[in-house]
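Look at the two complexes coming up: chain A is in both, with chain B in one and chain C in the other.
Right after this comes the complex of A and B.
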């Protein structure tokens, strides 16, 4: 446990002093600010501010474009960068369990990514302070859903990062996987057979649009997102274990 | 303490290691020699728990690296080749992090960091970022990291690389002191005089195979069955030639005059050295030097590698 806490603290600290992480954060704030303004200027949202969370978190560019790309970029330093620089070898030869390494790095990334969402929350607060009549259950629900999706994308990013010391491959692979998770179910969503049914049950924006952003805590979506995140953490762990055990 | 049995590692079709056996006892320093690609770093990486072997066994302190990896890693201090610490951390922050990673309690960490920093002369550098350190001090930080938690076994991959002569001298003293304190040390090096000076035993690895292991003297006598002697006299003459010629027939050696006062003698049997000396003394030849010319590690290493190549 002591080793786990030490590694988690170090990862959080490294992100807090990383210029790259803050460049990402800056770009995220800028793009989200622009998307927020665009969303506010649409007629439907202007007519009813309650539609802002589903618009922003469910069908907007935030989820379809930005969210799959940013978590893998944050994750590249967790394994790929360590591997490239040469600090992974001292870490993996220290007396710490492989799963503790994976979990400490993942939780550090999750905590840091909350800063990203803090910026989005600030935009809602500004709107509220300027007289916007917001439905806070929808705002916070939508935000919770988006946070869970971002945690899933961090898990896929972590897995992709564990495969290579090449930073482009690490980040690109993670982002590609995230776009697949978004677009493949969307392609088959309209199919009327069982394939369509499976695709709809895996379609991430649906969870945000119809569930979380409607102020509902959908237990299926919750289990699906947490379960899929756990699966990718398990795969990352297997990647480390195989490095150590498979001859 | 550190042990491998028939340790083998293949990377696809490349045989990096083939059935290497080695053992390092507490208080012993085993120098690991070999040209680039001989398998030194692979062996150390397997022993550190970073890589798995294809076959064979590796253990530290009796703990199998495959079955009890975590416990074995607790007993091991490892300095990888080209050691690097995260550039954003100061030396003290890095050492505190590593001490906690090795399971030391919050109370133990500052004292342990202070202990290794003092031991390695790192105290003035504790507040500097790792990226600001010279190569020599980076190696020290790596060794300090390996020493945290006082592990009984140390694996050091090229610890002398990039160090200036003064730093190498300091490093040698540190390693000798650690061995005197009972640590089992396995280190690889290209710097043959370093190995010659501090290693209790030497293992020569070539193309993944162990070519020779033993003390330097063992290797010298094993590899060079003929003993070469340099005999110098204060005055030479026909008498010296006559005595040597007579002795050469009985003791089975050949000799060659180097200059007018010294001779190079090649004995086929090592045990005839004292007989020869007695003959020279009995003949009352004025011997001022009677020295065995032993091949140094450099020559041994070359002859072994050339032997394998042919």
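Right after this comes the complex of A and C.
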């Protein structure tokens, strides 16, 4: 446990002192700030601030474009870069279980990603301080959903990062996987029969749009997001274990 | 088999097991019995009510709910109105909640303007959807249609001062619940709309089509009939602006209908035939109500004082103070603080009926009202010495003190305005709905209207500039500066 905590702290610290992570954070804040301002300048949102959380967390560009891309970028340094600079082997031979390594890196990325969402929360607080009468159940519900989706995307990014020392491949693979998770269900959502049912039960923006950011917590959405995250963590662990005999 | 291959296969097997376990876990938790939805809102209205959930759970297996989110009324978009975004946001979240809470009996589909053309056309054809219909709820052999106007009470745009349309209240949850109850029960009451005495048709958009659609929404089956003699298996008879008196055969049927204590809604406006009004007065004498000739007028309150002599005097704006606080029809309207607009009404009167029936004045005028008589010079819309001022009844409800034959209450609603059931239905929809519920035997059912809780944001120019600057420059700028500082520290 002590080794796990030490590794987790090391990972969090290394992100906090990484200029790349701050550039990523700055670009995220910039794009989100612009989206926020654009959303706020529309008559619909100005007339009713209840529409802002679904706009940002559900059907807006944040979910469809930004969210799938940023977590894998944060994850590339977790395994791909360690592999590239040759520090992965010593880590895997250190007296700490492989799964603890995966978990420590994942949780560190999750904690750091909360900073990303902290900035978005700051935008809502800014609105509140300027007299915006926000529906906090919707804001916090939407944010919880978006955080859980980003945790899932971090898990897929971590898995993609574990496959190669090539940073572009790691980040691109993770982002591609995330976009698949978003777009494939959307493509088949209107199909009739089992395919349509499965697609609807996997449609992430619907979880956010019609659930979390409408102020409704759905147990299935929670299980789906946490379950898939756990699956990708397990697959990452499998990949690390298999490195010992499949290079 | 080499050790490497064996371990490789083992790893793949473990990964396959993990995937299978996750799929099984998701399948298990997607089962209706294990699915829980928690409403985070302080009002508890973000999701469906217990009544609606319970009704959805009683739907037959294989039921289907399709929501059509098409912005079809352009006036709801004038002056950047927010009607459709708000409405569609509410419908989509409740439809999703309905899918989750229906216990797996309801398949839902949301079709909007972004849906693929093929899917859109397929669903429109399959569900026989007509313009204005927002939700179609279908079971194996029945369907319920809920129109957009039934779901939302909308204040229309004002072209004169460029005020956009806005949603005042909504009843998506209640409408879904009503439709689900009707589908689950599989039985509907039949309402005969009599059209054989000069009345407008129940299929005419300028006539009684709106009333007909309202009846469908409230789980009635409207049937257009020529006269009371055709109302063999009807539960309610509706008469709107009768232009001729009954023929003897229909008059006999009407007397039998009344003797059997069956329900009636009769609306005679100022233009109804005097002979028909006289006949109704005879028919309703025992019930203690009837109709008087004339057009009810009220002075218009304006900045210049009380104005008379304009046709607007015949448009009666009724607020909660003018509704009976004792009757199940009007109590929900008072609770919801509704406003009615009755255009062109004749007085409804009390007659000396028998002691078997109660009478209740549902809607009334203010004390300065008068009934403008139709003299040879025409209507003048101003009070003259031949008329008397005073409170006039616009609608009266009667029923038996105690159940009569076959347990019926003999409920009747007499309304002095025919326009309230045709052209002016839009302004009196809740009163008519409440009346139909009472006539159908539901003594007390809430209209289900709730506020959307709009949260407008109207900051000044400085606030907007500050929010924009902090969002786009402030927060990202500080982050980049911290990144630069980290970079500089690491180089040292």
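Assorted remarks:
The rule we apply is simple: the second predicted complex is superposed on the first by the 244 of 247 C-alpha atoms of A that agree within 3 Å, B and C clash if a C-alpha of one lies under 4 Å from a C-alpha of the other, contacts with A are read in each partner's own complex, and residues count from 1 in each chain.
Here, a residue touches a chain if its C-beta (ideal position, glycine included) is under 8 Å from a C-beta of that chain, and two chains touch if they have at least 3 such contacts.
In this text the structure is predicted, and so the values were computed from the model without any measurement.
Touch criterion met: A:123 reaches chain C, while chain B stays clear of it. Touch criterion met: A:214 reaches chain C, while chain B stays clear of it.
Legend: residue contacts after superposition of the two complexes on their common chain; A:6 is shown touching chain B, with no touch to chain C. In the superposition on chain A, A:234 makes contact with chain C only, while chain B stays out of contact range.
Of the two partner chains placed around the shared chain by superposition, chain C is the only one that A:206 touches, whereas chain B remains out of contact. By the touch criterion defined above, A:18 lies against chain B and chain C together after alignment on the C-alpha atoms of chain A. In the superposed model, C is the one of chain B and chain C that contacts more residues of chain A. When both complexes are aligned on chain A by C-alpha atoms, chain A residues 17-18, 244-246 touch chain B in the first and chain C in the second. Within the complex formed with chain A, the chain B residues making contact are 9-10, 45, 48-55, 66, 69-71, 73-74, 76, 78, 80, 82-89, 97-98, 100-106, 145. Those residues of chain C lying in contact with chain A across their complex are 3-4, 7-8, 11, 14-15, 18-19, 22, 25-26, 29-30, 34-42, 46-47, 80, 82, 85-86, 89, 92-93, 95-97, 100, 107, 109, 111, 115-116, 119, 164, 166, 452-459, 463, 466-468, 470-473, 475-477, 479-480, 482-484, 486-487, 489-490.
Here chain A touches chain B in the complex through residues 2-3, 5-7, 9-10, 13-14, 17-18, 85-87, 89-97, 243-247, going by the rule given at the top. The touching residues of chain A, counted against chain C in their complex, run 16-19, 21-23, 25-27, 29-30, 33-34, 36-37, 40, 43-51, 54, 119, 122-123, 126-127, 130-135, 137-138, 140-141, 190, 197, 201, 206, 209-211, 214-220, 223-224, 227-228, 230-231, 234-235, 238, 241-242, 244-246.
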